[in-house]
Structures are given as C-alpha cells and as structure tokens.
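Take a look at this one; I'll ask things after.
All chains are identified by letter, namely A, B and C, in their written order; residue positions are counted from 1 within each chain.
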Amino acid sequence: MADLRFFTRAGPFRLAKLAKEIGAEAPAASSDLMLADVASLDSAGPSELTFFADKRLRNVLAKSRAGACLVSPADAAQLPRGTVALVTASPARSFALASALFYPETPPPAAIAPSAVIDETAKLGERVHIGPHVVIGAGVEIGKGSVIGAGTVIGRGSAIGADCRIGPNVTIAFGLIGDRVIIHPGVCIGQDGFGFVPGPGGHLKIPQLGRVIIQDNVEIGAGSTIDRGAGADTVIGQGTKIDNLVQIGHNVRIGRHCVIAGQAGVSGSTEVGDFVAVGGNVGLSDHVKVGHGARVAGMSGVMRDIPPGETHGGVPARPMREYMRETALLSRLAKQKKAKDD
Amino acid sequence: MADLRFFTRAGPFRLAKLAKEIGAEAPAASSDLMLADVASLDSAGPSELTFFADKRLRNVLAKSRAGACLVSPADAAQLPRGTVALVTASPARSFALASALFYPETPPPAAIAPSAVIDETAKLGERVHIGPHVVIGAGVEIGKGSVIGAGTVIGRGSAIGADCRIGPNVTIAFGLIGDRVIIHPGVCIGQDGFGFVPGPGGHLKIPQLGRVIIQDNVEIGAGSTIDRGAGADTVIGQGTKIDNLVQIGHNVRIGRHCVIAGQAGVSGSTEVGDFVAVGGNVGLSDHVKVGHGARVAGMSGVMRDIPPGETHGGVPARPMREYMRETALLSRLAKQKKAKDD
Amino acid sequence: MADLRFFTRAGPFRLAKLAKEIGAEAPAASSDLMLADVASLDSAGPSELTFFADKRLRNVLAKSRAGACLVSPADAAQLPRGTVALVTASPARSFALASALFYPETPPPAAIAPSAVIDETAKLGERVHIGPHVVIGAGVEIGKGSVIGAGTVIGRGSAIGADCRIGPNVTIAFGLIGDRVIIHPGVCIGQDGFGFVPGPGGHLKIPQLGRVIIQDNVEIGAGSTIDRGAGADTVIGQGTKIDNLVQIGHNVRIGRHCVIAGQAGVSGSTEVGDFVAVGGNVGLSDHVKVGHGARVAGMSGVMRDIPPGETHGGVPARPMREYMRETALLSRLAKQKKAKDD
C-alpha cells in the first residue's frame, strides 16, 4: 500500500468494472470481487490486484496470495488457485492504468499564491495553480489547469499550454511549451546555447536567437537542461520522455515518442528521429542524425549517423553486433595470452 | 589561513589539549605550545598545525616551517627539527578533526524567515532555521536544530530529522530523511521515477507510488537527483556520501557508508551493498547487484552483478585485472602492428 | 528572423556602416544597401545578411537569395549574382558581431525587487538589477550594472563584480567572482567539496576551508556545480567557457580561455592549463595536470597528465593517434575473425 501521508487512495473497485477500465478480461464468476489496492507480486494479499510480466518471477507467482493478477493469455494457467486471472495483452500496461485508478493524481487547488510575482501583461488560464514565490514575466501565457511549482521562474514571452505540471525551482525562458507537459524540479530551459567563435584573444559569444519548442505530452526529468536555438529552434517532439540530468544542446531536434535515459547528452544541431531509445550516460556528438526507431546502448558515444532501426553501442558507437564481437574477441585474446604466460 | 569573510576561527589552542581531542600523542616538552591555525604542509608557519600523509610530499616536509605536524609513527623521524611531531594512526583523520576545532561550523541562528510559506499543519522542531522564501507543505515535520536554506521547497508529508543542513534551492517531495543529513544546493529528491510502458501510440506513464528514504548522516552533493520508488522505496543507507550531479533511479537501494563520486548514475532497482565505492561518471544498469565492499573504477558501465569485495572497471565492467590486461594487450598489438607497418 | 516576443531588433543598418563595425570589407557600389536582419544561409532574403563558413553548404550558397553574405577572401567568387560579398578573415566572427548589433542584449532595468531579502551590510553597486525573491547575505558585494536573477541566493561574504549576468535559481557561497561573468540558471557554486577520511565506522567529513575564485569573462552553463576548495581555492581562469551540467571538484584550477563541454567532470586538485578544450562527458581524475592548449576528445577518461598541445582520447585517455590505431586494429581483427568463422 502506498504511504497515505503522500498518496490518496480511491476504491475499492468491483473486479468487473476495474477489468473493463484497464482493458483486461475477468472471469464472470469473480466479477463481484472487491479490490482495494494494487500491490507487487510478492506482497499482494487477497483483496489486492497485482501483475505478472517478468518470467523470472515464476516462483514468486506460484506462492502469490493476490486476489487477482493481470497476466498474458499464455501465462494464465500458471496462477495459483486462489488468484483470479485478469487476462490482458499487456499486464504492465493494465497495471499502470489500475494504479492510476487507485491513486488518481490530485493536482493542487486552483489558486495564485500571494507571494508570486506576476507581470500584469501575463495571461493566466482558468484553474491554474501558481505556487509561492513563482515569478512570471511580461507577456507570458499559462494554459488552463496548469500547475506552476513554488520558486519557478518563467521569463518574458514564454507560453505554457494547458494541464501542464511544472515542478518547483524550474527556470524557463524563450520557451513555447505544449499541453500536458510534465517538467520536474530544477529543470533549466531556454538559456543560451554554448556557442563561441574561438580566437587567440579569447572566445567571442555568438548571440543565441532561437527558442525552445516542447510539444505536447513531453516529460522532462529533474535537473535536465535544454538550451535554446542559436538561430533555428531547439525542438522536443510530442510524447518524448527525458530522464534526469540530461543535457540537450542548441538547435537539437528530438522526434516524437523518444525515450532518453538519465545523464545522456545531445550536442548541438543533432537530429534524433521518432521512437528512438537513448541509454543512460550516452553522448551524441554535434550534427549527427539518428534514424527512426534506432537504439543506443548506455555509456556509448555516437560520432556518426545511425540508420533507422539499428542498435549501436560503444565509443565510438558502431552496430551493436560489431561492438559485442570486438569486446568478446579482445577478452578471449587476453585470456589466451594469460594462459600462455602462466 | 581561511578567509575570514567566510569562516570564523576559534583558538588558539594549547598543543596538549588539541592533541588529546584529535587522537594524537604530543611530546610532553611541547605541551604548552600554542597553535593558532591549521595549514597545508607547504604554507604552515611556526604557530600552525599541518599534517603529513602523502609520501610524495617528503621533500616538502623536509622544508616545512610548521609548528607541529601530524604524522604516523613510521614517519615521525622525518620531521624537520623545529616541528613538533604529533603522532597518530591517521594524520588525515586527526587533521580533519583539528580543522573542525579551529573552524567550527556556526549554523545560522534559530529563526523563521517572514517570507517563508509554511503550512499550518507542519511541525517545526526547536531551534530550526527556516530561510527566506522557503515553502513547507502540509504535514511536513522538521526536526530540532535543522537548517533549511533559502528557496527550498518541501512537499506535503515529508519529514526531516534533527540537525540536518539542507541547502538553498533544494526540492524535496515524498521524502523521509533521517538525522544529521546534509543536502547541498539544487538537489531534487522524490520526483517521479522514469517509468513508462512503451507502446506504438506513445509511452504510458506508470504511477510512482513509493517514497525516498534517506538514513542518518547521509550527504548528498549539489544538483544530484533521487527519484522516489515506483512501488517499493528508494533508499540511501546510513552514512553514505554522494557527490555532485549524481542520479539515483527509482527503487534503488544504496547500502551504508558508500561513497559515490560525481556524475555517477544508478539505474532503477539496482542494489548496492555497504561500504561500496563508485567512481566518477560510472553508470550502473538497472536491476544489478553490487556486493559489500566492492569498488567500481571511474567511467565504467556496470551491466552485471559485482561480487562482494571485487574491483571492476571498463564498459562493460569486468574484474579490474581482466580489464587492465585487455587494455594493455590491445595497446601492445597496435604498437607491434605500427612497427611492422613503418 | 528572431521571435519578437523574445528579442528586440535594432537596425536596419547601412551596409557600409555595418561592414565597418564587424570587420568586413564591402564593395563601395553597395555601401547604401540597407540590411534589416541576420539570417541563415538557406533562409536569408534580399534585405538580410548571412555568412558562409562551412564548405559543405556550397550548394546552399549557390541558391542563396541573401542581400549580403560574409565570406572569406577565398570563397568570395562563389557567391550568387544578387548577393553582395562582405569579405572578412572570419565570417563566423563577423556574423556573431552583426547578430549582436541587430539583437543587442537589453539588460533588465536597474531595480531592486521588493521581495528580495538583502542583508543591511551588503553593498550594491550602481544600476544593479536584483530580481524577485533573491536572497543576499551579510557583507556581500555586487558590482555596478550586474543582474541577479529571481530566486538566486548569495551567501555571506561573497563578492560579484561589475556587469555580471547571474541567472535565476542560482546558489553562490564562498565565492569571489570577477567582472562580466555569466552564470546560467541552476548553477551551484561554493558548496563543500567531496572530502572524507574513510574509516570502518564511516566517513569523517573534512572541513572545506577554501573559496571559489571565478575570474573575468567566464561563462558557466546551466546546472553546473563548482565546489569550493578544501584549503587552497578552486579557480576558474579568465575567459573560460563552461557548458551545462559540468562538475568542478575542490581545489581544481582551470586556466584562461578554456572550453569545457557539457557533462564533463573535473576531479579534485586537477590543474588545467590555458586554452584547453575538454569534450563532452569527459572525466578528469584527481591530481592530473593538463597542459596549455591540450585537447581531450569527448567521452574520454583522463587518468594521467597530458602534455601541452597534445590531443588525447579514450578510457584511459592516451594520445589520440594511438587510441584511433587501437580502435581500428580491434575492429579489423574482429572482422577477420568473423570472415574466417562464417
């Protein structure tokens, strides 16, 4: 059970109703079972819903005391006797939906904190929540239902869409942000990109005249930084999810529905297609193109374009199979050498 | 000498008294020597205390003008004539203790800034210091003697123990924090973990229903981010020290007395034992187990479990000796090839 | 054209006058041409100025409709008929200067926000701008014309020079900062370095008694962290540019006019010479010396000193040519092996 100091639980829900809402099929005989909570496979009790998706947990499943369990059709027969099978194509997906039903997010009430400093030319939509010590500059627009966390600073001219959730201590400037965007604490958006003309007497700063465009349904992790464009814009495509402490350079274009893991960095003017997955701590050089659906293994350094659909890894990143062959070969050679020396 | 614009110096101290408090032995003949400050080996003068621990500095020691020097028994004979030997098993440890005596930390006075916004249901212990523009949510508890820096935001339900030092512009949510915890500026604790169910129409957010537990005497570096658990909690064990810009994913469990260097990242559900040392910029994959007392070299990528006590390095990380053999072999092969080609 | 919600444009400018100010030579016949804006090579129209510096864009240049184009003497003949050539040794440099003329930075007006909390012993220079919710401690000095962004916290004793631009939500402590320094949002300066004496009962904190010195014309990217010295100071030399999410450890000394790319980390007591270039995500070990004008390739791990002028890469970093030879050799060996196995 989630800690009720932090979370508010809804329910209980009738099995039949719940199953319907989360896209699962429940046996008619159990439709009146009342479910009071979601829980993990090992901890769920008779009034709780769990899910089975990781084959390695088969032993845990066999001993489960859960009242009901989301399973794929292929695994339904493995459930212990006392557990009702809720069959679904994606147990993880259905469980995420169930979790959201039991613990619906309750945004803070519509209100504008007296300590917020809001320019008189800013336009605030209906039902916005503006936290304490927020600063909103001239001409800023905040869409209806959006939440701006305490201490967040939004520079002049920026626009934020509807139903966004901006965390505390965020800084946004030169930004045009869509609807239902989630920005976690400490994120910095829209500062100058890192552009200089080098010279013997020092580096000359290049004025950064672009913006940051963040499309609908994007999520940006805590402490991440996104520079504005130098001339063109920096763009994060619809539905893309960015983890914590990620750096996005100026003029970068990230496609739709990408997943970029923690501490990855994307250098200036690089283009990432749709549905790309970038692992943790990856570095992408500047002016690189990563194709639709490509994947980059964690800790890699991408120096050249990656064709659509390919998986690359290593520094410099190369097709994953090549990279793994090289790693395996070097390991074998070193072992042979050692055996010979010993 | 430390800059007195920033630091307040205590003392001078009588040698005998000082030696006793820092676990060193002083020769009786010098017990009345008055020491006025701590200083580095090369800069310390006749009224100052220094220490010798790095053998490479032997030449510097020979020329030292320090009034007294902390040394191990084995090195005591190397001190120059005018310098009193304070013999101790750990000169570095004794010097740290001496530094803390000369420059005792002076927490800001107990006070609650008028500009802080504190929910009426929050409970503040005795002698707390709440800085300007702090925001404290409903039901939050702050233990006695704790300091909350300016601009810090603490979300509803979180609890902070006694004698903590939370820096400015920190964000804490869904967090239960022990006693004597130090959190540096810009840290983000308790935001949603990075959990999604991927799908062709986009990624479905998985509600993150856990907390962040930070045990006693933990220190967390500037700009680091710690996500709350997805179902279970994210836990940082007692006495663990985390450097700047470190990312800790959801459900991670870090043991006691670990040291995690700057820009390391620990992915979701990974478990790190006690007394583990993780180098700078290391990435640990998700669901990995790192055993008690293990060490990971900087810049490594850990994809598999590391047994207790072992040192691993490289990407993917492997036992350090193997990694070094491979590196050396490849270097030699390339040199041979070049010699042949030339 | 830059988005006028965010930028204010000056001009139009007479070609002859503009050319003179940006160090380019214009043909006398065109000196009365009026230029209204800067634009990229592919988008510039007849009243706009662009530049040509990247040979790969020759085809784009051939079709350009730009009114005038900055080019090097060697490329001047390649311009299309309708485009006036402005000849200059560095088109990129002249274009940066032109951009700054068309879009002059307009600092916020001199003002002190009523919500700022400023210690009565702080000294503020003429024409400073202090944003909302700023906190300025005892004895702090802010030089004339400097801008302090909203929510920024400056600890007691720190000094900031003239004409600095400090972004929102920055934290500065124990810092002495020169003139014309730019610090982007979310930066943390001056917190305790990561110094502990390890022991079986836990790690003993070493008091950090130094400062952070940032010299004139330095720029520090969003979310970067710079620890103060342990005894000596942490120093960032004049004109050095640091990108986002960079970590600088205690006692580090960075020389003048260096460029340090995003997510690089410099461990304690390392010394970096003047005009050094450090790539993205690079880690430098502690106590390393990097010589004048050296370069480190992105994603590298520097464990040993780098002599002046050399370029190193890889983990551990070695001379770039060696590193590339090794990478190429391993790749070839793996391909040979595969061909044999197939």
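Everything that follows uses one rule, which is that a contact is a pair of C-beta atoms (placed from the backbone, for glycine too) under 8 Å apart; a residue touches a chain by one contact, two chains touch by 3 or more.
Keep in mind it's a predicted model, so treat the numbers as computed, not measured.
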Superposition rotation for chain A onto chain B, Cα-based, multiple of 5°: 120
Proportion of interface numbers common to chain B and chain C (over half same, under half different): different
Computed distance of Cα centres, chain C from chain B, in Å: 28
Residues of chain B whose C-beta touches two or more other chains: 115, 133, 151, 169, 186, 223, 245, 263, 281, 315, 330, 333
Touch list for chain C against partner chain A, complex: 2-3, 5-7, 38-40, 90, 92-93, 95-97, 99-100, 103, 105, 113, 115, 131-133, 149-151, 167-169, 182, 184-186, 217, 219, 221-223, 238-239, 241, 243-245, 257, 259, 261-263, 280-281, 298-299, 314-315, 327, 330-331, 333-334, 337-338
Complex contact set, residues of chain A against chain C: 115, 117, 133, 135, 139, 151, 153, 156-157, 169-171, 173-174, 186, 188, 191-192, 194, 196-199, 202-207, 209-211, 223-225, 227, 231-232, 245, 247, 249, 263, 265, 267, 281, 283, 285, 301, 315-316, 318, 322, 325-326, 329-330, 333
